[in-house]
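Just below is one structure, and these are the notes that go with it.
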Amino acid sequence: PGQPALAAKKESFRVAWSIYVGWMPWAYAAEKGIVDKWAKKYGIEIEVVQINDYIESINQYTAGAFDGCVMTNMDALSIPAGGGLDSTALILGDFSNGNDGLVVKGDLGIADLTGKNVNLVELSVSHYLLARALDSAGIAERDLTVVNTSDADMVAAFKTAEVEAVVTWNPLLSEIAAEPGAKVLYTSEDIPGEIIDMMVVNTETLADNPDFGKALVGAWYETMSIMMKDDAEGKAARSFMGEKSGTDLAGYDAQLATTKMFYEPAEAVDFAKSEKLAETMDVVRNFLFDHGILGEGAPSPDYVGMTFPGGGTLGDSGNTKLRFDVDYMGMAAAGAL
Amino acid sequence: MGRLINRRPGRAGQVLLGALPFILLAAAYLMASDARLAVNPNDKLLPSVQSFVDAINRLAFQPDPRKGTYILWDDTLASLLRLGIGLSVATGFGLVAGVAIGLLPLARSAFAPVVAVLSMVPPLAILPILFIVFGLGEVAKVMLIVIGVTPFMVRDLSMSVATLPREQLVKAQTLGASTWQIVTRVVLPQTLPRLVSALRLSLGPAWLFLISSEAIAATEGLGYRIFLVRRYLAMDVILPYVAWITLLAFMIDWALRHLSDRAFDWQPGERGL
Amino acid sequence: MGRLINRRPGRAGQVLLGALPFILLAAAYLMASDARLAVNPNDKLLPSVQSFVDAINRLAFQPDPRKGTYILWDDTLASLLRLGIGLSVATGFGLVAGVAIGLLPLARSAFAPVVAVLSMVPPLAILPILFIVFGLGEVAKVMLIVIGVTPFMVRDLSMSVATLPREQLVKAQTLGASTWQIVTRVVLPQTLPRLVSALRLSLGPAWLFLISSEAIAATEGLGYRIFLVRRYLAMDVILPYVAWITLLAFMIDWALRHLSDRAFDWQPGERGL
Amino acid sequence: MSLISVRNLSVRYGDFTVLERVNLEVAQQEFCSIVGASGCGKSTFLRLLLSEEQPSGGEIRIDGAPIAKEPQADRGVVFQRYSVFPHLSVIENVILPMELEASAFCGRFFGARRRRAKEEAAHLLERVGLSHVRDAYPKTLSGGMQQRLAIAQALIPKPKVLLLDEPFGALDPGTRQTMHEIILSLWEEEKMTIFMVTHDLKEGFKLGTRLLVFDKLRWDPQAPEAYGATITYDLPIDRRDVLPPELEAKAEALNKEPSRNEGPLNALP
Amino acid sequence: MSLISVRNLSVRYGDFTVLERVNLEVAQQEFCSIVGASGCGKSTFLRLLLSEEQPSGGEIRIDGAPIAKEPQADRGVVFQRYSVFPHLSVIENVILPMELEASAFCGRFFGARRRRAKEEAAHLLERVGLSHVRDAYPKTLSGGMQQRLAIAQALIPKPKVLLLDEPFGALDPGTRQTMHEIILSLWEEEKMTIFMVTHDLKEGFKLGTRLLVFDKLRWDPQAPEAYGATITYDLPIDRRDVLPPELEAKAEALNKEPSRNEGPLNALP
């Protein structure tokens, strides 16, 4: 640690994950030896590290302490890619299908939020979701006040009298939605496929060490095949993941219900190849640019370049920093790992 | 007896008086909890005593089904280890630097300004850098405690060293003491009681830093558990954990105070604080 | 001059020695930053001096395009206000409770245990309860500072009151002083210097709690900005903010120290710490 | 009737007996000089008279009633170690007792009242020779100056009983002479009862109306801590300036009496 | 040749002149008794001889060389205020100088060596009458006992020059007698040069070979701080136990000399 991961042939790799419904399989894969098994198969070592603070894990990855890290498509664009680290979205694990939502107290509509406070983690996917919700109702963000509120305190914050509306994600969302008088106004179900949970790796490292990518993808889809099953093994896996994230099987299954998992690699490949992905990323980058998150040096949303599996690109192709890649998932789909 | 400053409670009165605030606090909690539960029986914010008992029983006396170990004790062990190492390092460093800065004009000129400045840097704001420098493992957690606590120790000890009567230093020199001997035989022994006080005053902040660091990168520890269940607002776990942390810290504090009263019985003045 | 304890640097030497650690720190930063930027010119972790200058210029001297105000000064004002109120309340309360506990055996019996216990409660772990009691607004932020800092103040001051020579209290009584008069004329004035020291030692923790509270729910403030831009690792903003916080805290510390040296010139002993 | 009566008083610290079987009757306006070997318990005895400490046994009565359980303004004190308030300047130290008496709530004078008090105090400072340092803080005073300040401060409330623990030990003969005169004139004016510990027998004889000698009656070389000191001589001294011949002889004897602690005069290590 | 020579020494604190134009030559093994009014600068003079403070003007030479800039083991001291180490027991205070000398690194004896040192120290404690409290901490000692301990401690390193600031003020005559004998025998054995501040003229005459009187030569009642004290009398005293008649008269005169500070004896406020 301490030095950026220099691209070269390596034997051992570190990836970071944090607690979230779509990333809990990494806990299972790491603890049950699935990752080790696949790493051994390719003659490498992979250390899977749990970081509780999501942003800190991305920061550490961006600073070079890890070769890979889980994050959303939006954060992948803003932090590592915006920070000049060429990154590849290796695995598209799922997209949020109701896992993020806007909740209000009482009988309000989106348009009624005008002039009110909305508590959310600023510059996060919640903020993005709010922006999309406001678009749908035709009002602008400047018509209301966004209060930056730490995710850990969101549930408690909603219980105080002065908070009227929050945007947050699961499991906080279901806790808040269960409050008496809470009303869910808008969720990621309304913008399917726009909030994507991915495993992002260092592009150079991946290019120099394809085995690293293969091992990760192999381990991931083996885990998927276990957890998707409804038999004892699948339940055991899911209850493991539930407990690891502080709840139980039922709680975890409830969270999975609002998550569109790509259990089969082919699903993920199809999703990545669709036109929709580039459209989504275009909306995302404009959102980021509007909020100054692409870096103050960014003269336009085109500043950071992206590539898509179909050969499509967005932004400055001389500064391509985020690559959506389906080669490895494709190998998994083809059973070639 | 007239004046308030001379009125001392008896042994029993002392215990009673000391217990009173705790009883009042407990009563206030129970009333608030009852009131909330009456409105919403599922309220998680101020759980009933029964929920606490259940949670404690589950965490402390039932083996974790996955690992077969007892969660509370695992967490406690992990946290205490980090705390112990962090505080030892901070204390050792604080003692050395505090004595140097308090006693030696050269060291004071060189380091007092930088310590005064560094003590004002909020460590939580530069976490990314700290994690890059110290990694994300145990070292980082211990270092966060060290970085958080040491500046206070250094400043407190150097201030207390500087208040040693000059006569003593002069006297020691006339008895032929070198600087090193003055440090070891005159200054250090008289600084130890203040060191213990500083350590006691640092306990609170040290736990704070421990919890913060465990909330960022850990897979066990008291702070980790609180962080983990906080997203479900599981106050039935959080509050016993907080109480347990408080109890642990208080016991350490109590032990240090008694150690100090015993070991440094040359000290004049009142005891028991 | 023989012994190290007697060797004093001259005026110039003092400044030079004091500046040395800062120069070394700055050099270490520049080297590390250069090394990282050589590998990745876009690296955000340790930005170049130029990025700092840009960021400071943008935040302090250019109006924010969205609000039309100057971000840095808005944040500073908001934070200093919270800090000032929080520290005032904590200091006032700490003084009253510290003197009572240190001087009156009854108050000591009743409150020393509860203060010792409460000082060990990690405030950040019971935030949900604090929200319910104090809401999410300015009060909560100020209260977090108060809750975080007061126990230390109370304990430190009560310990220092307890070390006042008994002779003085006896003497005051023979001069006819009541408890109230002893407090106002003998104990309080002699405790003030320690109060200032305690306040100085609390500055670091107070900023920490301020930053934490601004991370919970805020729309402006230095801590808010740091946590906000942490979302995209904008160290070019974070580091100047941290430096600015440090500078502010250091200036407050410096002012307090000089105030104390001037106002309490009856104190024997060395100055300048 | 006697003002102060001490009955069978004893003080022990753990196994260490400091005083035992002390009995004493003192009338108003007596001036008791107390002498005795270093460490025999003279200061301890004064602390008891002050109610700073409680006796392990026996009792003290003032005016027939048991002594108040805490120090009061009726009994003033000058401690063996300088005991002025470090945070008050010389003149503030002196006006403090006036302020405490007159102003129950603030304990402080302002404006004209403060000026008047300061003028009053200035007289006293003049007499004890501290006018030129009236605004200095105690830390800059010499040992003897601090002691004089402590005496002036203790005299202000005009206590009924005044306890002096080696008050003049740190003063040069000239200053001491002055202080003697101040104490004596106040003693006569205010009809104070004074206990004064001194190591200067001549001073004791000169000022006192009565001489109390503290010493151990019993002494066990194997266990020096087993027995405490008591009052072994209690001599009335009626005329003060010149000693009667028989007392002169006594004084000589006391002066020569070998200290209990004296060991063989072997060479030093 | 003189061991110590003081030339045109002066000390000022701000506008306040404490000492001025002090000149003195002292040979080896002289025993200088220093007397003077309270607050005239005697302790300050000793602090200069100790290098604890630097003079505002003039210089001090020892053995022809300028005085070391910091306190050294060649000059021992007993301060006016008790200055023993509070964290060491009585016997530990006494063996400390031995430990410091013999063990440069640890500054501490262990095992047999420590026992031997304690035995040596026990002799001295016996002589100063502190054997029965050898393991007590200073906070439990009476004023006089602490002072005796400080003297014993200062004697251990057998310094070339010994500075005593009212060392016997807090002792009763018997104990004082013993201490005189100890000091004198050591003085003769070790050929020490001693400066002793005292307020007891008789003591000064008895112990000293030379008497130094500090006083102000000039005095401005409007500005008492303008002029400092200096050495106004410098009398050789060759025989010590009995005063020659002419000195006896001088002593009387000094004793009677009115204090500078004496004001009119008006009634107290």
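Note that the chains are named A, B, C, D and E in the order they appear, and that numbering of residues resets to 1 at the start of each chain.
The working rule: a residue touches a chain if its C-beta (ideal position, glycine included) is under 8 Å from a C-beta of that chain, and two chains touch if they have at least 3 such contacts.
Note that the coordinates shown come from a computational prediction; the quantities given were computed from them, not determined experimentally.
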{"item": "Touching chain A and also chain E, the following chains", "value": "B, C"}
{"item": "Distance-maximising chain from chain E - centres being C-alpha averages", "value": "A"}
{"item": "Chain pair showing more contacts of the two, B-D and A-B", "value": "A-B"}
{"item": "Separation of chain A from chain B, taking each centre as the mean of its C-alpha atoms, in whole Å", "value": "37"}
{"item": "Euclidean distance of C-alpha centroids - chain B vs chain E, Å", "value": "48"}
{"item": "Mean-CA-position distance for chain C and chain B (Å)", "value": "18"}
{"item": "Shared-contact residues (touching 2 or more other chains) in chain C", "value": "3, 6, 45, 128, 132, 165-166, 173, 178, 230, 233"}
{"item": "Multi-partner residues of chain A (each touching 2 or more other chains)", "value": "59, 63, 155-156, 159"}
{"item": "Set of chain D residues in contact with two or more other chains", "value": "70, 81, 156"}
{"item": "Touching chain combinations (by label order)", "value": "A-B, A-C, B-C, B-D, B-E, C-D, C-E, D-E"}
{"item": "List of chain A residues in touch with chain B within their complex", "value": "1-2, 19, 49-53, 56, 59-60, 63-65, 151-152, 155-156, 159, 171-172, 175, 180, 240, 243, 245-247, 251"}
{"item": "Complex contacts: residues of chain B adjacent to chain E", "value": "165-168, 170-178, 180-181, 184-186, 189-190, 264-268"}
{"item": "Touch list for chain E against partner chain D, complex", "value": "13, 35-39, 43, 80-82, 120-121, 123-124, 126-133, 140-145, 148, 155-156, 166, 169-178, 181-182, 185-186, 189, 199-201, 224-225, 254-263, 265-269"}
{"item": "In the complex with chain A, residue positions of chain B that touch it", "value": "40, 45, 66, 127-128, 131-133, 135-136, 214-219, 224, 227-234"}
{"item": "Touching residues on chain C, where the partner in the complex is chain B", "value": "3-9, 13-14, 17-18, 20-22, 25, 45-46, 101-106, 108-114, 116-117, 119-126, 128-129, 132, 151-152, 155-156, 158-159, 162-163, 165-166, 169, 173, 178-179, 182, 197, 200-201, 203-205, 207-208, 211-212, 223, 226, 230, 233, 235, 238-239, 241-242, 245-246, 249-250, 253-254, 269-270, 272-273"}
